[in-house]
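Labels run A, B and C following the written order; every chain starts at residue 1.
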Amino acid sequence: MSHYIRADGRFAGRDIISVRHLSPEDLEYIFRVSHDMRMLVGRIGSFDLCRGKILANLFYEPSTRTSASFVAAMERLGGSVIGINEVHYSSVAKGESLPDTVRTLECYADVLVLRHPEVGAAAEAAKWCKKPVINAGDGVGEHPTQALLDLFTILEELGGVSGLTVTLLGDLRNGRTVHSLARLLAGYNVRLQLVSPPSLAMPAELLSELDAAGVVVETVARIEDAIPHSDVVYATRVQKERFAQLADYEAVKDAFCITPETMQKAKKKMVLLHPLPRVNEIAVEVDDDPRAAYFRQIEYGLYVRMALLAMVLGRA
Amino acid sequence: MSHYIRADGRFAGRDIISVRHLSPEDLEYIFRVSHDMRMLVGRIGSFDLCRGKILANLFYEPSTRTSASFVAAMERLGGSVIGINEVHYSSVAKGESLPDTVRTLECYADVLVLRHPEVGAAAEAAKWCKKPVINAGDGVGEHPTQALLDLFTILEELGGVSGLTVTLLGDLRNGRTVHSLARLLAGYNVRLQLVSPPSLAMPAELLSELDAAGVVVETVARIEDAIPHSDVVYATRVQKERFAQLADYEAVKDAFCITPETMQKAKKKMVLLHPLPRVNEIAVEVDDDPRAAYFRQIEYGLYVRMALLAMVLGRA
Amino acid sequence: MSHYIRADGRFAGRDIISVRHLSPEDLEYIFRVSHDMRMLVGRIGSFDLCRGKILANLFYEPSTRTSASFVAAMERLGGSVIGINEVHYSSVAKGESLPDTVRTLECYADVLVLRHPEVGAAAEAAKWCKKPVINAGDGVGEHPTQALLDLFTILEELGGVSGLTVTLLGDLRNGRTVHSLARLLAGYNVRLQLVSPPSLAMPAELLSELDAAGVVVETVARIEDAIPHSDVVYATRVQKERFAQLADYEAVKDAFCITPETMQKAKKKMVLLHPLPRVNEIAVEVDDDPRAAYFRQIEYGLYVRMALLAMVLGRA
């Protein structure tokens, strides 16, 4: 296994729109470079791999966490950022089309990161943009860098993913994060446990997709029953707004919360993940548990985004 | 003709408030440096001509495009930016005067770029500021960097401006962009064709000014009749809000739109410009026409703003 | 007295939450490094003392002046900034707790600057954050970097603070700035004159604190009577909103304004300070008086913030 980045160039100029476009070899390469980024940041903090390069960070909807992560990633690579966080203020409000905005920003920047509320926006942007485009979430569509950082976290924390039992917990119907992660995991030899309120169960199409990929999927009613077998628990938010009746929400919300008591039933070596922000899905008392990996997960996200930026810019 | 920038220093510390302050020699110098910037960006992307310098990018009204252009320009010169895009959030909302804001920012930054809704704001700011001020648009007043980039685009695309026929199209009454460009063009040997709805014709004062400068100006009713003779067509937005009756707008709007059919009547060698954002003044089908230069125009804007920043900072 | 920064490391990793945590030796060190920063900026503008370091500039309420000052400070040290100025747009709006936000940002950045509307927020943030936290104002609590820059201004302008008569003018009840400064001054041998509307007098607790520290405090009704003895006048805003009746405000407002006539009664060598923004507490005609130091004060603020950033990052 190689250490420290050698520019390979295979991703130079490529767009990162969907995890579906990534082959097993692509994934292996991304995680290798991400690992190197982790080592380099650990030793020297920042470095000039992308010095002189400019990122246009275009957010049509707010996402401080993802936006800040890309800014930090670019800055730790020695590059600069044009931040466009308030698109309601911009030409967009005057009615400019996404293709025109993209063709403007490609004149200024070397790479474009896009968060947009509409499914397919990133693919549309990439169609028009001569510079590489990275999808930072397009509505209920994809959020590939989140899925990649989730998987990278599992790899770095547990040393591998093959043979693991992964429990997906919470709102499995609406969470694009958990859908993308499930698709990525389907490429590995994993067993999935699904724990959600019945009204927020995983969509049938995705279940078929997982079945076709040969993934063993089990539905478990309560987290207490799922956690003893789990190597990974991936918790997501159960949002009040998703329920027609507040009473329905109140009835289920505690059944899908992780507490210190829940963690007592878990394996000694396992990881608890969450895409954050959390509200009350994971009790703050769990934070000090060494298996609680959700803040380390944020840090892994920095490394994955550094890797992707450097790769599409032809520097890794 | 020199290539690659030698610091001349003649602009060091100067403000860029209006195109009226620029002599023919100034213009020649600005475009020479802008051309050098184009060559340098083409070869090496970014460089450290203004390393360690800080731009305060102060926008009292939103303008993503212009703001992003100055940010990119400063970053490609190796400098840094303090972005102040939401002045409604700032001390300004507490009632601070422009002179006080300017005298604060000059303590932090080496150069100030100002967009303000009031005519004369940039000149007022420059009066108080010890550091150079660049006007990025002051209400219906001036937007000198836009006019300079428009002219630079013509120069780079067609190799010169003397002897050309330039058609100005759309809202010629309200567009500060087109007014500044007309004034700049008056210094060269050009013929102007004006095409606009009668209610949005060019102001009489500006027409007198052009006449006094010896410019041949012709009013043409329809773009179809103007385009065959044009070396340059500069299209601008005809905004619905400018019409008292929506019916009046609907009646004229298509008469001032450029379509592939319009372009068939144009010279083989000509350029079609637009300050962007466009709404429907130029059909998207025209975008692939090699004469459609409005996205290249954005890129030329980057070079002109790099040149001006480096010049007023004494680095070019 | 040493010149030019030698990293001493005593502040590496420390939080700057309150002036109460700073010993006389700490203050001396801070002002020594701030002075060195002033010299270095004067000679070379920017330098790479904190190259590769990233500041997360987290503002839960708007403060263009303070925010821009920290951005400029970090950039002049060669570092980079993640600006988070619109927290209403961020995960915070989704209900994320301050500890979670802080533990996210520490994954991206090397130092955190926090402005927050609630007293104690900075201390709370520091409790959770592994990276150093600098308090940029927490409600009516503390604003330590403002107090430090106020004192640094006096030191640099007058060469020392011992033996001086300092007049605090305006709203002495609500101004956290003036409270923090008074506390800092209590560590030196100064005489204080307080001039305020009766309803906006300094809180009794703070008066007791000053008394316990052995500070001679005199209340003076009118600025005219206080100014002849003053080495320093620190003026603050008397905000209309603080008065129950507009008439009460109108009755007192002019009594607490500094005009050229007021300045005629002042010593030849004295300094007039104001935390800015001002509205009408100091007439603009006073600005040209060499004793009017409030714009120089902004510049001193840059040096103090550069010093603090470099110090907590272990670089000075």
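Convention: a residue touches a chain if its C-beta (ideal position, glycine included) is under 8 Å from a C-beta of that chain, and two chains touch if they have at least 3 such contacts.
The model shown is predicted, which means the values in this text are computed figures rather than measured ones.
K.L.:
Examine where the copies subunit A and subunit B touch and state whether the two sides share over half of their residue numbers (same) or under half (different).
P.N.:
different
K.L.:
Could you work out the angle of the rotation that brings the CA atoms of subunit A onto the matching CA atoms of subunit C, rounded to the nearest 5 degrees?
P.N.:
120
K.L.:
In whole angstrom, how far does the Cα centroid of subunit A sit from the Cα centroid of subunit B?
P.N.:
41
K.L.:
Got the subunit C residues that touch at least 2 other chains?
P.N.:
Expected reply: 83, 86.
K.L.:
Write out the stretch or stretches of subunit B touching subunit C in their complex.
P.N.:
Residues 51-54, 56, 80, 82-84, 86-87, 89-97, 99-100, 103-105, 107-110.
K.L.:
Considering the complex alone, what residue numbers of subunit B touch subunit A?
P.N.:
The contact residues of subunit B facing subunit A are 44-47, 62-65, 68-69, 71-72, 75-76, 78, 83, 85-86, 276-279, 284, 295, 298-299, 301-302.
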